[in-house]
Structure formats: C-alpha cells, structure tokens
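Down below are the structures I want you to see.
After this come two complexes, each holding subunit A, first together with subunit B and then together with subunit C.
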Partner chain A sequence: MTPNREEIVQEELMLNLGPQHPSTHGVFRMVLDLQGETIVGVTPYMGYLHRGFEKLAERRTAIQYQPYPDRWDYLAAMFDEMAYIGAGEALLGIQAPRRAQVLRGIVMELNRFASHLLWLGTFLLDVGALSPFLYTFREREMVLDLLMELTGARLTYAYMRFGGVHHDAEDVWLKKVRAGIPYFRQRLSEYRTLIDDNEIFRRRVEHIGIIDGTHALHYGLSGPMLRASGVPWDLRWKRPYGIYAEIPPRIITDLAGDTYARYKVRVEEMAVSLDLLEIFLDLVESGPIMASVPKVVKFPKQETYFAVEGPRGELGVYLVGNGTAYAQRMKIRPPSLFNLQVLSQLLIGHMVSDAVAILGSIDIVLGEVDR
Partner chain B sequence: MRIKQISRGFLKGLQVTGIHLFRRPVTHPYPEQRAYTPPRFRGIHRLIVEDCVVCRACERVCPVNCLTISGVRGDNRRFILEQFDIDYSLCMFCDLCVEACPPHCLVMGPEFEIAAENRHSLRRSLLSQPKEEMV
Partner chain C sequence: MKALLVALVVGMAIPAVAAFLLWYERRLLARLQVRHGPNRVGPQGLWQSLADIIKLLSKADTMPHTAHPWLFRLAPVMAFLPVFMAFASLPELDPHMNIGILYLSAILSLEVLAILAAGIGSHSKYALLGGLRATAQMVSYEVPLTLALLGPAMAAGSLNLATIVSHQHPLPYILTQPLGALSLFIAGMAEAHRPPFDLTEAESELVAGYHVEYSGVRFALFVVSEYAQLLFLAWLMAVVYLGGGPIWSLGLKILGTVSVVIWLRATLPRIRADQLMALGWKVLIPLTSLNLLWLVAWNL
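This part shows the complex of A and B:
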C-alpha cells in the first residue's frame, strides 16, 4: 500500500518561531513557510517590545531624557547614549573636553567588547555549542563589573551628559582596565582555538546566508554585517566623531559575506577594541570632564543627524529642536532593524536549522529593533 | 580525513575543558554571598533628613515623577520634611535626582533588593530609614 514517490502530496508547512523562542534573541517572531526542511517563505513580526522611545523624547526635557537611550539597546547602552548626546551636543554647539572624549572612547570600546562577547556566546549557543556561552559570559561579567565601578550600573549606565561625562575615572580604575586587556586577549585567543577551525562549527556556518556587498549596501546594512560582505565602511573612521578622529583606521572586512565571515569580522573587531582601549588609555590626560553647559538645556530650532558606529552598525539619531527643552521630533536609526530587513533574502532556500544560525549571525537586539 | 578533522576539534575542546576543570569557579552563591556592589553603585536611595532643604529639585528633575515630597515651614523659617516617598515601581535608578540635589543630601546606597509582595509596598518612605543603614 505504500504510495510511490510521485503520489505523495507535498504541502507547505507553516512554522511559527518565537516570539518567546530562545534562539530569536528576544521577542522576535517569524513565520516560516517550509517545503519539507527547506524554507520557502519568511514573514517576520516585530514590535513586541515597542516602548515609544521616540515619542518620549517629545515629552521629557533634554536633561530628563538622558537616561532613556540606555533602554534602546540594553546590550550596548553607551552607544545609544553617545548617539543621543552627540546629536544634542551638535544642536547646542557644545564640545566635550578632551578627557571626557577619551573616557567616552574607553567606555564605548569596553561596551563593544561586552556586546560582542554576548553575541559570540549566544550565537554559538544557537549552533549548538554550549560551553563557549559560559566562557564568554564569565568575561562579559568582568567588563560589566568594570563599567559598574565607573558608572554605578551594569547595563543602564546613564553615564554621558551633554558636554561631558557624569563620573570621572579614577587612576585605579584606569589601571584595572589596562590590566584586564592582556587577560581578555588571552581569552579571545582561547575562544579562537576552540571555535575557528572546529569542523562541526565550520560546516554549520560556512556558505550559508550569503549576501554580497552590492546587495548589502542596497539593503542599508551597516556594521559587521556590511563589513563581512567586503565593504570597508566603519563610521568610527569614515565619519569620525570624538576621539576617533585621531586614531589610525583599523577596519576589518571579509569578502565571503556568509555567516562564518560575520563571525570572523566580529571576533577580529573584539581584538581591535582591545587595541583601541590601549591607545585610549595612553591618551588619558588630566583635565575637566564637563564643559560649561547651561542649567536648562534648550534645543535651538534646528535639526541634526548624528551617527555612531555601534556594535551592530550605524546607530543614528535625528533630532529636531523647537526652541524649548523638549525635542520637536526625534528619530532613531536602529542598526538591528535595518540589518533585519535582509532576513528573508538570507533565509530562503536554506534549512530550518540554518535559519537559527543565520538569525544569530545578524545579531539583533529587540529592544533596539522595536524601540 | 574528515574524521581526523573532527577528532582534532574534539581534542582541542577537551583540552580547553581540561584547563577549566582546575580553575576556581567564578559564580557566587547569591543569597549566602553578597553580590558585588562598588561604591558608586546605584541602589536604593538614602536621605540625610536633617540636610534636606525641601527644594524639590529632585522631584522636578525625575523623569518618571516617582518622588512625592512635602514639607512645612519650621520655627526658624527652615522647611522641615514631612513626607519623602519614592515609588520604586516607577524609579529607574537613573541618578538624576542625586545629581540635582543642591546640598547633596540624597545619595544612592548599595541595597538593590526591592522585591515586595504588592505594588503598594514598593512605595517607600525615606524618612523612616533605619539609622544604621545610613552612611
């Protein structure tokens, strides 16, 4: 009674992934259309974490809004702060003193390192490797402890202010950061021994989710996603802000454009972050950490766009002032959201198990996607 | 060939595991061992009641309006604090109130355990803080 192969009716299967699935990195939901094991269609649903941060900027004074950017992308809060504060400073025409600029550079690179560590752990968890997750979290905890000593909080730092930074770094803290760098380098090479040439990992991630440079640009990708497709675009040096203007460029690219290339770019960026940290630590000089800022900050009737290179890509803030302490309008350009647009392009034609790996390699943070 | 590669990866993994086997654990058993809180840690607020001039700068700057403050004028024209409540279901520990306080009498301490049985008990008065908790 077994029907022969031609008679089996092949139906499309609809598979719902998320919003509470651990491998969708937050509350992201996608509905996959499957033909057997192959993905033929993807419908993403987002907005589960929408908290209206753009609207809130119109209802809070500039000073009051300062702790809010931390909540956009809670894994790399320093960059959100820098984007908002940078946009505000551009409107107000303030420039932070040099020591504050260097401190901002240090905390941002520390934060990038922590963010990439978390990404590395969860990405490997997605492809089925459990132990690197524990190792990367151990190191991330140390970075978070450093940031907590400086700012007072582990994730929502509220560290940057219009015209400077909130707390000054003590020499002890700077020494601690410096002492940490060789340790982190060593750990990084430990991960690489473990992962880089692992046959199982390579077979899971190589040649899947490929996007070439032209397409990547058309989709508006940025950050490691774009650089893994061979486009040397890094805002830190292409449109320098703060202290980065003085640093020789170190842009990591890879030509392959697949999931493995994205892994490699991010891991090498972690090493670059550590190098930059060392450079910044040498640049620290004594001086004030706050410029003189009016007590009541009022945005002039102008508009500005300010973008920083976050761990996920170009994080921009478009800010319109109206002469009061409130913003007329604020728009965030979240890199995760733009990088996520390419998802269906990457997924179609691959297997279900690859979907998780590819989604992991995009490195989305839903707090930022949904805002 | 492939067997060789896979077993090489496996051995490398075992090697790293082996190294870790003899390292000290990095986790802390939390309730028995206190969590690490550096001096700048932003935990539950503390108020030096005598120094507060009831200027309400903290109340005005708070982005979520979670402070309720009232005071009466005392004999020497100084304000005396009657009520100083913080609603911890709203507070986001942002430090803005501490920054705004002119006499620096509002600080944030190392306590972070604010779990409560219901919403109303999250509203705490800073006036009735036990003295030994204060720095």
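This part shows the complex of A and C:
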C-alpha cells in the first residue's frame, strides 16, 4: 500500500555542529534546523572559551596586564596589544617615539598578513580544498619566524609597552623583512591564479551568504566583512592611529557582499599589507623605542575608547581609570563577535555545505569571541 | 578447484594492493602538499598501511548503543563484498565472462545499499546525511557510468571485457571516444566518492559522513573497500578505454589513472550536493549520449 501524500510527515532535522566539529574554527557551536539539506533555523552558542579577560583587567595592574591581550585573538596578537596599549597611552597621555610607531606598524602588518594567510588556508579547507592550507601555513611559518626573531614568541608576543615597544629591531632583521616581501608577493599571486577563477570554488562561494551595505552597518559589522559589502570603512585611515596617519589611504572594497567578495577583499588586503610594509620600512629612522614612562603606571580618573583595524575588523578597548594602577573597568569590542551576529541572517535558506563556507568567510577566532 | 584457488589468491591480493594504494596516495598527496607523508615504517614508509591495519584489527569493537545492531554490523561487509565480486569481470581474471559489463554495473550498484545501511544503522545524524547524499549521488552516477561503458561495448560488439580489449589494437578507445573516456573517469570518481565528489564523507561538513560511528575492523573494511573500488575503477578504465595490455603496461596505466585521481584531490575544492546532481544529469548524461551518437555516425 503506498502511503497517501498527506500522510507523509516532513520533520525538521536538528543538527548540532560543534563545539568539536572540525569546521567551527575552535569551540564554536551552532544548532541547525534542517529541511533536507536546507537550513531553516540557526541557534549559535558561544562561551566555551571564556576566560574572563575583562575582569582580569580589574584585578591586574596596568603593567601586569600587558601580556594578557595577546590571548584574546591569538592569531593576531599584535592588534590586541595595540588596542590595549593605545587605550592606556591615551589615558596616560604618553606618545610613543617615532621609531616605535614605525616598528608597531611593521609588526602589525606582518601579523595581519599571517592572520589572513591562516584564514585563507582554513577557508579553502572548509570549501573542501586540502592543499592551500598547507601552502599558506608554509608562508605563515616564515612570517612567524620573523616575528619570533624580533619578539621571542611566535603567537603571544608581549611586544608593545606603554610608551613604545620592548625590543629594538636590528638592521639585519629589517633587511630580512624587506627581502621577504617579493617572495610573499609572488606566492600570493600564485594562490590567486590557482583559486580566483577555479570553477568549483566560484560556484561554491558566489551568491552565497549575501549581505548589503546598509544591513552590514546595522549589524555593526566591521573589517573585511563590511568592506566586502561596499562600505569603505577602514580605521587605519578613517580614524588614524600611530604611523598610519602619514600613509595615503588604500581601502579595498567590493560591492557584491557575498562570500566570494569577502575572499577577494581579504586577499587584496594581504597585498596592501605587503605594500604598507615596504612603505614602513622606508620610514624607519634611528631613535629611542621607549618614551619616558613612570615606574608605576596609574590610570587617571578618565575614560577612553581606542580602536584599531584588526584583520577581522574594529578591535576596540573601552578603558575606565580610577586613579589606581588597576582599571576600573575594561570592555573589549571584539570584531569576531560582532561579525558573528550576522550568521543566522546569512545562513538561512542555504545548504549545510554553504553553512561551513559562510562561517569560514566570517573569519572568527573564538579566543576573541568568548574572551 | 582451480577457480576456488584463484578466487582465494585474488581475495588476498586485493586488500594488499588496496593497502599499497593507500600508502601511495598518502605519499603522493604529501609530495603535492609540500609534506613528507608516512616515511618511518619500512622502506619509504611502505609498511605504514600494514601497521595501520594491525592497529585497527587490535582495537576494541565498539557500537553506539542506539545503533541498529545487525544493520550496523552488516554494512561494512555489504560494502566490501560487491567490490570484490566486481573484480571477477576483469579480463585478466576471467577472460570468458561474456556478460562482463552487465555484471559489473549490476554488482557495483549494490554498493549504495551498504552506505545506506551504514547511514541508517549508525543512528547518527551525520551518518544519515552522508548516507542520504551517497544514495542520491550513486543512483545518479550509475547512469552516466553505464552509458560510458556502453560506448566500448557497442564498438566492440560484445559485453566481454576481453573482447573489448582485443578490439583496441591499433587505437585504444580513449582516442576514438574521448568523450566516453572523460565521462567514465568523472563518473567513476563520483561513484567511488573520490574528492572533489567526496560529499558523503566531507570532512569539513559531515566529519566523516556515513562511517563516522565506525572504528576498528569495521572501519578498516570500509577503507579497504573504498580503495579496492578505486583500484577496480582504475583497472576498468585501463581495460575499457586505455587498451589493457600485458601486466606491466596495465599496471602503469592503472597507476597513472590513480595518480591523476590523487592529483585532482590535491587540486580541487569539494563540489556541492545540488551542483553534483546537475553535473551528473545535465552534463555527463548528454556527453555520454553524444558519445554513443558519435559512435553510430562513425560506423554508418
């Protein structure tokens, strides 16, 4: 007996993705409601990596807290340091000397390049291409070697200090960085010829997870997510800090707002990072790397918000001082968390395979989302 | 008695060759990805697969308590058997099987049952999705696979694979029927769910797809049957389109085909389920039909 068409009950399938799923980039978890393979509902869960960094800022002196920001976003630690140190310097009224400013610029762009390299590899892994992951890790390893030579650590550098940087760069190191740039450029163009027009890749990522500029702004997106939707907003030039004020703007945008646009914006930003590195290397001049800073740093009774353009977007620190060495309150604005808000908006109506690609294109780092 | 002995030897040899292919894939893939691959166990890591098999055999046998007991246990065997049975049609093993192509396409389509059984029997959502995808994929790709095999059968006027080989004497069929050869290659890759058609076990989405709940011997059976299927399809390709030949040239042709398959794995991203269906029905079936029409026109 064949069942009547009305008698067939269609049920939604609830699929749990994460926190141990290989494509959730750490310990993110989302529960998908599926009809067949189509997503009809998304419930994200986070907090598996919560370590209380905001509260720690109230329980550690300003100097003691300096190495902590490295652990927010462990893939782009320089930006976390810059955000915290920058906020602290604004409160204390300290200006880092010029050589330190330039060195900060160099390490940040190196770090942005490394972070985007890791993103490129894992994003393509999410789409199902195995090899790019290993290629980009080879280059990332070289960048990390450079950073390790300067700071002594691969990921958690503790390089920036209130009023400057901790280690001075030797000329040999600067030469090494300069020598690396043409190599990285060549590799980057190699990746682009392999990936950009790959038929399967284009079909997997084009017209997937579209968000327009207005919605992107309303959701508070920033960084490549926002620029891929056609909004030319880059804090490096829109609200310049440090050495960036002297550099002519190079803001990459794309109008499509889909996953492919986000890929293109990030890849082009990697090229911009290399260009900026060359400019910064020309600006290096001899001089001190630390301003004179009091032995005991006490935040005055004021508040400030300082934001830098991290590889994932606007990374801000809201710092309130109370006249002691401890902060009254510190609030982090993690770009990954804000960019993640748009997830359910992007996913609904797409398929499970797209879910992984879209999540990859948001480029989250759970250390930063959960703090 | 002699047939039984041959069957026994072949039955032992296939897993060994499959294990070799597994090692070969890991090494070649590693070279393509600027890695070293397994190189510690034996010369060039050749015994790595053997060590893996011993390790898998000595693992505890686990089964999720929600799984369907006999379906779960049956699935690996069901995956293993049809692939092995398909080898019987190859001319090097049985030159007299005159229903060769009919037999092997019938036997190969049994493979989908195993994956479906694993998908349902595991009582896991990832396995279920993998099983669903596999079913849709294999049912769709049976058609172009069979159509692509029909070309040489028509040209040789026989379903016997040995006859097909002997008809390719001056020119192998890949030169006279390039469309058919291409379709057989693509459809074969999809049939064996090799990347970029590995949606059934898509690591980044479904973790491991239909065999996510399997471990130990049962997992080993799935892996061996997968590589045996790869071996079989490469062999079939070598016989039907590349002109077979003596054992060394046949071996080179098989290894060459397998190398291209591995190379594609290192190069291409994974295709999406609906795009896979579109490729099967809208591209491969017209291509193979065109191949048949071309054959008819050629022979008029």
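As a convention for this text, the second predicted complex is superposed on the first by the 364 of 371 C-alpha atoms of A that agree within 3 Å, B and C clash if a C-alpha of one lies under 4 Å from a C-alpha of the other, contacts with A are read in each partner's own complex, and residues count from 1 in each chain.
Criterion: a residue touches a chain if its C-beta (ideal position, glycine included) is under 8 Å from a C-beta of that chain, and two chains touch if they have at least 3 such contacts.
This one's a predicted model, so the numbers in the text were calculated from it and none came from an experiment.
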{"item": "Contacts of A:158 with subunit B and subunit C, given as first, second, both or neither", "value": "first"}
{"item": "Subunit B versus subunit C as contact partner of A:190, first or second or both or neither", "value": "first"}
{"item": "Which of subunit B and subunit C A:351 touches, first, second, both or neither", "value": "second"}
{"item": "Partner chain in contact with A:166 - subunit B first, subunit C second, else both or neither", "value": "first"}
{"item": "Which superposed partner A:141 touches (first subunit B, second subunit C, both, neither)", "value": "first"}
{"item": "Which of subunit B and subunit C A:13 touches, first, second, both or neither", "value": "second"}
{"item": "Which of subunit B and subunit C A:21 touches, first, second, both or neither", "value": "second"}
{"item": "Partner chain in contact with A:255 - subunit B first, subunit C second, else both or neither", "value": "neither"}
{"item": "Touching partner for A:126 - first (subunit B), second (subunit C), both, neither", "value": "second"}
{"item": "Overlap of subunit C and subunit B interfaces on subunit A (superposed complexes)", "value": "131, 135, 138, 198, 200-201"}
{"item": "Residues of subunit B touching subunit A in the complex", "value": "2, 5-6, 8-9, 12-13, 16-17, 20, 26, 36, 38, 40-42, 61-63, 92-96, 99, 108"}
{"item": "Residue ranges of subunit A in contact with subunit B within the complex", "value": "60, 63-68, 131, 135, 138, 141, 145, 148-153, 156, 158, 166-167, 190, 193-194, 197-201"}
{"item": "Touch list for subunit C against partner subunit A, complex", "value": "29, 32-35, 125-126, 128-129, 132-133, 195-196, 198-199, 202-207, 265-275"}
{"item": "List of subunit A residues in touch with subunit C within their complex", "value": "13-16, 21-23, 37, 124-131, 134-135, 138, 198, 200-201, 203-204, 351-356"}
